Structures are given as C-alpha cells and as structure tokens.
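Both complexes below contain chain A, partnered by chain B and then by chain C.
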Partner chain A sequence: MMLLTHSHTLLASPPCDAFLRLLDGRPVGEQKELLNKWNEMGTDEPDLSLFRPVYAPKDFLEVLINLRNPNYENGDSLSFRTHLGLIQVPLKVKDIPELKECFAELGLNTGQLGIDDSTQVPPELFENEHVRIGQKVLAEQDSAAAQQYIRQGSPTALRAELWALILNISSQPEDILYYEQLKMNVIQHDLLVDSLIYKDVKLTASNDDYYFVFEDYLYQMKKQRFRTQAHTATRNPSQICQFSSPVLLCFSRDTSVLGHFAYNSASPPKSYIRGKLGLEEYAVFYPPNGVIPFHGFSMYVAPLCFLYHEPYKLYQIFREMYVRFFFRLHSISSHPSGIVSLCLLFETLLQTYLPQLFYHLREIGAQPLRISFKWMVRAFSGYLATDQLLLLWDRILGYNSLEILAVLAAAVFAFRAVNLMEVTSLAAAEAVLADLSTLKVMPLLQIFLFATVT
Partner chain B sequence: MAGKVKWVTDIEKSVLINNFEKRGWVQVTENEDWNFYWMSVQTIRNVFSVETGYRLSDDQIVNHFPNHYELTRKDLMVKNIKRYRKELEKEGSPLAEKDENGKYLYLDFVPVTYMLPADYNLFVEEFRKSPSSTWIMKPCGKAQGKGIFLINKLSQIKKWSRDSKTSTFVPQSTKEAYVISLYVSNPLLIGGRKFDLRLYVLVSTYRPLRCYMYKLGFCRFCTVKYTPSTSELDNMFVHLTNVAIQKHGEDYNHIHGGKWTVNNLRLYLESTRGKEVTSKLFDEIHWIIVQSLKAVAPVMNNDKHCFECYGYDIIIDDKLKPWLIEVNASPSLTSSTANDRILKYNLINDTLNIAVPNGEIPDCKWNKSPPKEVLGNYEILYDEELAQSDGADRELRSRPGQPLGPRASRTRDSGRSALSTWK
Partner chain C sequence: MSRVPVPCHVKGTVTLQVGDVRTSQGRPGVLVIDVTFPSVSPFELQEITFKNYYTAFLSIRVRQHASTHSPAKWVTCLRDYCLMPDPHSEEGAQEYVSLFKHQMLCDMTRVLELRLILRQPSPLWLSFTVEELQIYQQGPKSPSMTFPKWLSHPVPCEQPIPLLEGLPDPSRVSSEVQQMWALTEMIRASNTSTRIGRFDVDGCYDLNLLSYT
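Our next item is the complex of A and B:
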C-alpha cells in the first residue's frame, strides 16, 4: 500500500524502541513513574521535530487523480463529453435537477435556519415554530423525525441533543465505562501514532481561532506542575483521567472502530509480531482502530467541542460521526458519498454549470479540485466559521450524505466566479479562495441549487 | 463648516492614526488650534487641572471625561457603587432589594472589596469569616496586571495593616493604595481554562446617560489550565488573563492570541447550556454595565467636550453569574494578532463616527444623538432620554442579545434598545 510506505518517515530514533512499544505494555514500576511524570512541571513533549504527518490531503489527491478503471475505454478523441477535471473514474454523479429533488427541503419556499432566522426576519414567521417542533421531536425521542427535522437546520440550543438522537447515542453506563477503559489504556500503553496525533493537533487545532480553546480535549499536551496531585497520582490513577480528555488518543485504541471496515472498501493496516511476518495468528491491526490519522484529522473533532463538554459524550459522538461519515472522506470507494464521487460531483457541477470559469481555471493551471479538495476532505472544518459549519453538518446528518460538501464547494466557486475569472495563476486563485470564514453557507447552497439559471 | 478637522494625539498607534488620515483630517500639534485630541490619561489630567488647565472651545473634543477615574480607578469605582446602592436602598427603590442573606438581588455584581490600608480592620473581620478563601490584591493606579497578587493568609499582607510596626510607607499615599477583593475562584472554564471578557462601551454623555456597547467584544484565555490549588496561587499564567501577562507564557500563540470572539462564547454557551441561560447571562452583563455608569453619573463632570470609550473587564463564574472586575479608561490599542488589528481599527472608526458626526469640525452644542446608520458595530446600550420619554407604553421587546454572526440587535429599527426596558 502506497500510504504505508510513508510510515518510515515517522520514526524518530531508535527504530527498534518504537516497534517494541507497539506491542508491549509497561511494567508496573514504569507505569507508576509515568503517572508521576504526567503531573510534572514543564512540557514533557516528545521531540517531534523529526515527525511528519503520514500524508496530507494533497498527497491523497495525487492518488485519486491516478485512479483508472482498466475496463473503461475512453477513446483518444476529445468530445463534449470529455471530462476536463482531474478525476478520471466514470462514477455516476447527480446533476442539479437530481440534487434539487434530493435536497428539496433546502428550496426557496422552505424555511431554513441559516437564512430565515436572520435579524430582518421576524421570529414569528419561521424560527419560533421551528424551535417548538424541535423541542417536540426531542421530547418524543424520535430519531427518524429528528433526521427529517434537521434538514432545515437545528437551533443552537437543541443541536447537541438532536445529533445524539440522530446518531443513536444514549450514553449508558456501559458506554461511559468503555470510555474510561480507553483512557486507562492511554496511560498504560504508548503508541507511536500518539505522536502523529499530537503533532496534528499542534499544527491545526492549536492555531485555529475557534478551536484552540479545546486543544486539551484533543490531546493533553501541557503537563502542569500540580505538586499536590503528584501524590494523588500514585494512589489513584483514575483521578488523573479527569484532567485529560484525549479523545483522539482513545480513538486510536478503540478496536470497536474496526467494525466499520465491514462496509468500508479500505482495509486496516496490519502489523505482525516480531519474527512472525505473514502468520495471521500473529497479526495485529495497527493502530488498534485501524485508522491512520492524516494531517488535519483532529479537525473532525474540534467543532464537536462546541457542543459536548462531557468527554465521554464528545467521544461517542465523534466516533459515530467517523464511522458513519468521515471515514468516507479518506478512503477510496465508489460510494456516492465517498471522496472520489464527491470530487467528481464537484468537477462535473463546475464543468456543466460554470463552463467558462472551469475552462479558464484549467487554462491557467488552476484545476479547481486542487483548491477545493482540502475543504471536502475536512468537511470544511477549519475553513468556515463554526456556526456555519454546524449548520452544514446539520444537513449532512439530515440527508445522511456527504454530497452537500461537493455542492457547497461548487457554490463557493460560483460565488467568487467574478474574481476568479480575473486571476492568471494557481496562487492567485488560491488567494481568492483562501478565506471562507465570512461565508454564509445556506444562502450559497440555496442560490446555487435553486436560483441559478441552468 | 468649512475646513478639515485638526487632530492631535499623544498615543502613537496605527489604528488611531490610520482612522484620522482616512477621514482626511489634518494633524497638528497641541499648541496649535486643534479640534480633536485623542489623549492619554496623563494628558487629560493636565488639560482639566486647576493650575495648568485651559478652557476648551466649542469646536474642540477630547476622548476622556475630566474625572473618569471615578469609574476607572478600582477603589473609586467600588466606592461609587457602594454609595449608589445605599442611596437606592434609602429611597426604597426595588432595585436595592436584598435576599435573606442580606445580599443585593440585582446590584451584587462587584466582588466584596476593601481599600487598603484604610479598611484593613474591616477586611480582617471579613477574612476571618471564611479563612480558606482567596483574595486578590490590586494596586489602585496600575494597569496590565502589574503588581497584582493572590493571598490566602493574613500574614501575606501584613505591611498594609495600619498599626503594623513594619510598615514604612506614608499613609494614604495614592501610589501605594491597594484594593483587596474576594477572588472569583470558581470562574467558568472552557477547555479547562480561565478567561475574562473585554467589552467596549462608549459614553457620549452622562446626564442624560447615553451609552453604546460594541458588539465585537472578546474573551481572553489563559494559556495554562486553571487550578484553584493553593500551590499555584503565584502562577500568574493560571490566574491573570491580561494579554500583557499571557504573552510571556510558553504556550502563547501569536496566531489567535488566546482570544475568542464574544459570538463564539455565545455559540458555545447556547449549544452546551441552552438559550435561556445564555440570554440571561448577556442581559445581566448589559445590566451591570449600565448600573456601573449610573452609579458614577452623579459625580461625573459631564463636560460637553468629552466622550469616552471604556474597556470593561468581566468575569463569568461557573454559575453563569457575571462579575465586574474593572473599567479601563484607556483600553489597549495595541494589536496582538491580525484579527485584533482589524477589530481595533473598526472600533476606533465606529467611535469616531459617533463622537464626531460626519467627520466634520465638531460643535459641542449638538444633541449627541447620532442617527442609527452611523453606529456601525455599536448598539445602543442605554439611552436615558428615550427611556424616560417611554414611560408607561414601553413593551418588552424581543431579547436584545442575538446569537451569532453579524446580526444586529432586532430593536435597532426603533432607535431605542430593548436593553433599556428596565429603568
């Protein structure tokens, strides 16, 4: 696998220690020491200068661009049917009439949060009633109704519960216990992939205007001097767990995530115990959850920190969001919500409905997908303002599909088309599209789907 | 009204100067004829002092009230609020209502505070009632977190006791005056960190009171996780949110500067706590700002040449109760991040639009009632004139605090704010 060959760049020094740590737990004495060190003053960070992310979205894009169906004969001559974009796999994607049908509730005649709750609109016209219906849906704990309801957006105060309802998260005592066990696992066993996560959080979430506040929920980085707690540490390890909520670290160790590979066309990477290469009885999935994080991975979790402040809840919601949606954004499949289809959908929409823009950008060496890919892979997290992002993710849940990401990407290009027509280089095009933080997502989608002359 | 506005400043900050220049105003020195002087607090003291002061003419405006320190000095602010509360109590106002423990229901928004050394004995009495509490010592006349420290033992402030034999300073020297307040040791934490709110409030006149709140306030986060542990009382990175302090911390990040917009805070609170309690919190914040201004209004020199833009510092505790920590007369115009620069630039811009209408040479006799269109990111916080003329036909409008984004207050179109539904 092409991706795994990059793993040699992960290793700091010396390699054999790292592999040992893959599989071995720590002796009790060492664990105690670790618990003490956990609370020591100063940063106890590993030296990460030699670590690089396994892959970044643009590496992944290169892989996708080179996908071909060996059975498909395109012919050498260009015709009006020729796809001018980067993706050369002929998957079926929807056109605007089909999307309008699919996303009917985003139409001009239906009330939306993100549009019809703006200041100029009196709340009696839509918002109040919508909130009332939302409360009713929650009271009846009707998951299907919640999914239908949320297509028009969720009121901020109800969102956390609605998402939990739609994702069927109920936080039973056994769920909380499972999470606590994962946390203990984090303390007792070190994983190489922890360093990747650490580095990713430091590179992305920690620098983000919205999410920097939650960096400790993603990975506990700063170990402060708690002189009194150092003593507690040796007596009661679970007390330390209260201070750190390493969602991503727990996630790497959560073998229940392996279950999603049943419907994911990717396979989890395997590793073999020393000296037993190729012998299945000695195979171990690595990381334990089978998911190698890439650069930007922590941004899937960051927005959720705005909704859930109980760590186990945050964890459950993230895990469910991952195994239902996010995994599709970085594995190769023919699923309509898979990243390949999304890329193709985006390119097709642009080529069909904004042909002049598409052609122009292609001519100046600025293939649109090269710019929009990173937005889609991250489900726009870190690019949109948080309140807008949450309105977008409402619709992902409501329609149980990621296609809206491709539609939004195309809508953004349409919105900035005038400026884009004037640029003459890829760098200039990137600059025009560098800052999406002021965009209002729902009007853009609505105009693109329902108000553009096609 | 020909001629361009002539401006002077003794604060060399680009957010100011760029704003003057973009209006085509002309820079002059303070010895020449000037129309607009953005001065530091030292300078305002000279302008209005008995010996060196001079009369301002009708076409001159300055950015401070002569005795702003009634609000912006920590000890005087507390004194004025205490006096205000007693007055309301004496006249039997319902605002001064107390609960069964003797705490004001509506006016308890400043932590218990004493002046040192003057109130030392009173303080000791209070301290002994709950000896495990933490108190914060702040020098009256300093800013940026300088000289602040926390104590939890009487011995730590021995030298302020009046009959202390070790005391060597001159009594009542204003430079050494401190206030000691009950420390809010249960602040609301987000991501495990303490933060405070910086809100900008513009006052154009005190009598009648007319004040505006800038919608784009921000939260300042500590770089280090909060702990009330007594072993960390001297760790300023845990306790003091001033950027001047935090920026020296190891984990200070220059990209976001540890700042969150108030809208982010709102989104977070609404999502995790619900809309009602969040709206209530913001209403309370507006309330305490207005009450603090009302408290000092009677003693303020309501000079018609003056306006002032204050920096209010507010801390929210874990019961979602806001506390007024202090008011700054000269909020920092230094920008710590790119967003910060944009915010402060716009703040000055909107402030000037209100204080100097149309950017023309001012006339102090004007009624200080700007049209709604020039408010920019300000919204009316309280307009005493409008509130009084309202009288009985005032109805409760929709809640003033709106969630998220560039949403203006819904009551803008009425010219008065729902924030002033209480008198």
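Our next item is the complex of A and C:
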C-alpha cells in the first residue's frame, strides 16, 4: 500500500561466491545414504564455509527504517510530524486501554497459567479446574472453545493436542502420505536453499544455550531413539538439528505454502526453466514454496520439536503456524500483526508509558527498537526459556494476533528500566537486555497492561 | 441488481481556502469535485464507486431535475461520510469505496449534477483526492421467469412399490447414482487450479535466473 525503497536490494546479492546451480538432481547412491541418515541429519552436513545467510534481522530492520510514504509530510527538520522512534510510517496502533480490552483474559482477576500455577499457589484454586476444562474441550474437539480456553494458558500435557485442535490439524493418512512425498522430493533433489537451511540450523538452533539449559523443565526423553512414546525428552543441540532440518527441507519444497501469498503482501521469487525465459508455461517459483529463509528462520521450528514426536505432525503444525502467523514477521505490510505495526506499537508504548527511558535511550544512541527487533522477528524463540515461550505462543494462538510480542517487548524494557536508565551506550543497553532466560512472561505482561499506574 | 456505468465528466478539483491560496504555511483541507453528465438525460443514481486517496470525510451534494419551472436546487445527499477513522493514520487511506442510493439522505431520481466535497483536516498529508470515480445507474431488470406449472406445483409422490427381499431401496440407489453423476459432471466441467504438489515442469527444474519483483 505504500512505496517501498531498498526492499529488493537485500536479495540481489548472491549467497555464495562460487557459482552453484539452484538445483541438482542427486545421484542414486547419495539418495540411499540420505534416506538412511534421515533421522540423523544434523551429524553430517556438506561444507558450508562458502555460504552466508541471505539476510539477517538487522538488515531487514534497515529496510523498515527506510520505509516512507511519499504523501506524508516528512520534512528533514524535526517537527511534530517526525516520529521519535525508528519507524516513520503512520500506521494505527492500539494504546494500553485498547490493549486491555483486547487482552481482557490476561487481567488481574482472571486465572493464568504462568502465574496461578506457581508452587506457592494451591492447585485447587485454579490449576485443577483449568486442567479439567481443558480435557473437556479436547473431548468435545471444539476448536473455537480451545482457542478461547488457551488464552489463559495451556497445561503442558494438553498443549500438543490443543494446538493441533486450534490449527485444525488432524493427521489423516493423506497428510502422512503428503509428508512422505515431500521427503522423497528432498532425497531426490538437492536445492541450493538446503545449504542455507543447514547453515542456519547450525548457526542458530544448535548453538542455542536455551536448548541445553531446559533439560530440567522440558520433556525428558531417551536420547537415542527419535520415535518414542515417552512423554519426557531431553534434547541436545544435535537432536534439534535432527528435527529441524527435515522439517525445513520438506517445507522448502511444499508448493501448498504458495497459497498463503494470496493474503501476504510479498510475492514469491519467480524463475524460468533455463532457456525459456519469459515463457509463462515454464515459469516456476524458487524455492518451490516461495519462501527464502533468513538467518534465524529455523528458530520458528525449534520450540515445536518439544511438543510433537511424529515428524509428519511436527511438519503440519509448523507449516500451519507459518502460514497463519510467522510469515507476518518478515514481510512488509500494514496489517496490525505485521512486523511494521508491531515495531510501531512497541515504540509507541514505550514513548507513551516510559517517556524518560525512551528519551534517555535515544539520547545515548540506543534506539530501543534496535534491541527489541530481533526478539519480535523470531517471536522470542531462543531468547526466553522454552516453557515461557510456549506460554507466550499459547496466547498468540488464543488471540490470533502477534501484538502480544510488541507488548512483551515493551514490558521487558519496563522491567529493566532502572538498569537501563544508568547505561551510557548501545552496547551497555544490549548487555542489560542480553539475557531474558530468567524472565516470566505472564507476570510481566499482566503488570505492564493492568497494574502500571499511567 | 445489475448496474450500468454512466459516462460522466469529472471536473478538476477546486480547493477551498480562506485567505491567500498561494501561501505555503497551510494546506487546503477542503476540495470540491464537480461531476457533470453532459450527454445523459437526468437518471436515477444507483451507486458511486471510487478509490480513496487520503480523504478523511466526504460530503455529496446533488442537483436534481425539478418537475415544474422552478430552477434545480442543490441538496445534500451525504454528509460527512467518514472514510478514514483516524485522519492522522493510514487506516482507510487507500481503500475502494462503494456508496449506494439507500445510504443517501434524499432520493436520487433525475440526477443532473453531483458535487463531491472532500475534507482532510490532518496537516500530515501532502495531498488528498478520490480516484477512479464511477457513477452507476440501475441496469435493465433481468427478464422474469415464469416457472412451468409442474415445477411450482409438484405432484404428490405415488406409493412406492413394495421392496423385493434383499434388494436395496431403489430410490436410495437412484439418488446416490445421481450424486455420483453430478460429481463427475462437476469435475469434468471445472478447470481446476489446485496444485498437484509438483514444483517442476515435466520433470525439469533447471533454473539459472531468479527474479524478485
């Protein structure tokens, strides 16, 4: 809806210096080997030293900062019209009274998982009844009721099924077949994009400290077997690779994902079969699903690995989460859940309710969005403790909106405001906000929305 | 109901401003667009469509053909219709809008001329207008169908013949066969665009160029 500048230059630079074909058919020996190693993909990957990610969140932020509306009065000199934050686009965002109305179930008078299930609170007060209602919702298989229910959080044991119910994922035989077909596509053809995926998984998910630390919190699982019926699991970094890589490789070949471009303002990159430039019947999309992965893309999958054991189910859940929510975090649009609106919402909340902090950070050259952008683009995956992250994603599903990410980002700044007022540089501010792993998201959100004196 | 576009002549926008028009300090917040219908006799207006471009409020005045010798008068048929809920933000700024005759304050028979009054109180926007303006009148009514008598007064069902032992109910079988036939006809007729999941063209996916527009 508005003119974009610079958005295309990001993808113009090639990801590697050596010329590589965009697709290679795999020789048969290699196919057999890959099929055998399907479950241990993280352990042996090709030489990735020549590859670097196509773009990273900070590059994307530069594009968003440069978005301008040509009809908007944006003089060079500072005036009442200039936005004090980084985003200069006048989109409509909610303020706290509107957010309170929107997120009414997070209020002080409503029980929440993440707050009212802590050890000091006797479970008879809220938790037991909440679990009972959850089981009833699952028994009824009522998707709308599940969406309403999950606004107060989901019990750990019921979460996988509740998410599947809300996302309308039912594993029919044809879904399993579809996944197997995608798997065969991966084995038969090697896409250039695969190397980007391997590199990304290696750089992000496998290096991520949070997937070590939460052995205590999360499901404990026997290390050697991938397919197990146990409810508990320990995942080490190579196991995260094992799960994320097949999902992402299949995802990049899934043409049904192209359907989401009907409501996505971006368009998939198009190409033509060699020698047939310009002929529409030889036009194809590259990669087949139209989505070019960026640095950190694999973090969308990593938390889901803890919930789903069957690969086809994990795949379906990830695909549905992507085409409903995650695509909005890296495409430019005016949608209220789009990344531009989220950035503007974050900056507006901070300016309105923490004006001293905002002014101080701006003065020292540490625009708050530069720190919080990477949190929002990855939906906080990899920054929060996994159990807290899953509580946050419960609310994303329950409210069908990503605005809660911006609210949480502002709440984090509010929480660390005292320390932030004392820093004198961007690096110091980043250091204060580097470690979010100890934060509890629901109390932060509740205090910021409902208990802050404004 | 069908509609027929009416050829119209949209005159250039006229800004209304107090004081010197050439001043650069303020920007005009009111524009007037006159729409005339030179080659058409007074008609009944059905619908107005346009694409908004940063106009916040719209008023429309209409001049109708009076039956007696009295001169045609201007009447306001739409007052301060809100196109942008918040004039300072982007919401509604570039939307496609349709206005129908039932939303108007007066009846729209015998329209001679229209005057659109656009208002944008926010100083943030450099310009505002409406684009792709189209006026429609009512199209010809579709010819009424008279149903054959036997369709509107179906004969009561006769008693079905008693079933022979072991054979399925003939009416059920015939309805199922009918459904299957309808399905095959549908599939044959439809030009489906559903993807079959393959991303290559006849087994070939040999690419060397990526265009991202």
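FYI, the second predicted complex is superposed on the first by the 364 of 454 C-alpha atoms of A that agree within 3 Å, B and C clash if a C-alpha of one lies under 4 Å from a C-alpha of the other, contacts with A are read in each partner's own complex, and residues count from 1 in each chain.
The working rule: a contact is a pair of C-beta atoms (placed from the backbone, for glycine too) under 8 Å apart; a residue touches a chain by one contact, two chains touch by 3 or more.
Small disclaimer: the values here were computed from a predicted structure and weren't measured.
With both structures placed on the common chain, the touch criterion links A:L307 to chain B but leaves chain C unconnected.
In the superposition on chain A, A:A385 makes contact with chain B only, while chain C stays out of contact range. Of the two partner chains placed around the shared chain by superposition, chain B is the only one that A:P123 touches, whereas chain C remains out of contact. Applying the stated contact rule after C-alpha superposition, one finds that A:R253 touches chain C and leaves chain B untouched.
Once chain A of one complex is fitted onto chain A of the other, the partner contacts of A:L277 are limited to chain C, with no touch recorded for chain B. When both complexes are overlaid on chain A, the residue A:K136 reaches neither chain B nor chain C.
Of the two partner chains, chain B is the only one that A:A157 touches; chain C does not reach it. In the superposition on chain A, A:P288 makes contact with chain C only, not with chain B. Judged by the document's definition of touching, no chain A residue lies at the interface with chain B and also at the interface with chain C. If you check the complex, the residues on chain B that touch chain A are 190-193, 221, 224-225, 227, 229, 231-232, 250-251, 253, 255-256, 258, 260, 263-264, 267-268, 270-272, 274-275, 278, 339, 398, 402-405, 407-410. Those residues of chain C whose C-beta lies close enough to touch chain A in the complex are 53-54, 85-86, 88-91, 93-94, 123-128, 195, 197-201, 204-213. If you check the complex, the residues on chain A that touch chain C are 1-2, 8, 11-12, 21-23, 69-73, 81, 89-92, 178, 181, 185, 189, 253-256, 258, 267, 269-274, 277, 281-282, 284-286, 288, 334.
Every residue of chain A that touches chain B in the complex is listed here, in rising order: 43, 118-119, 123, 155-157, 159-160, 206-210, 212-217, 222, 224-229, 243, 305-309, 385-387, 390, 440.
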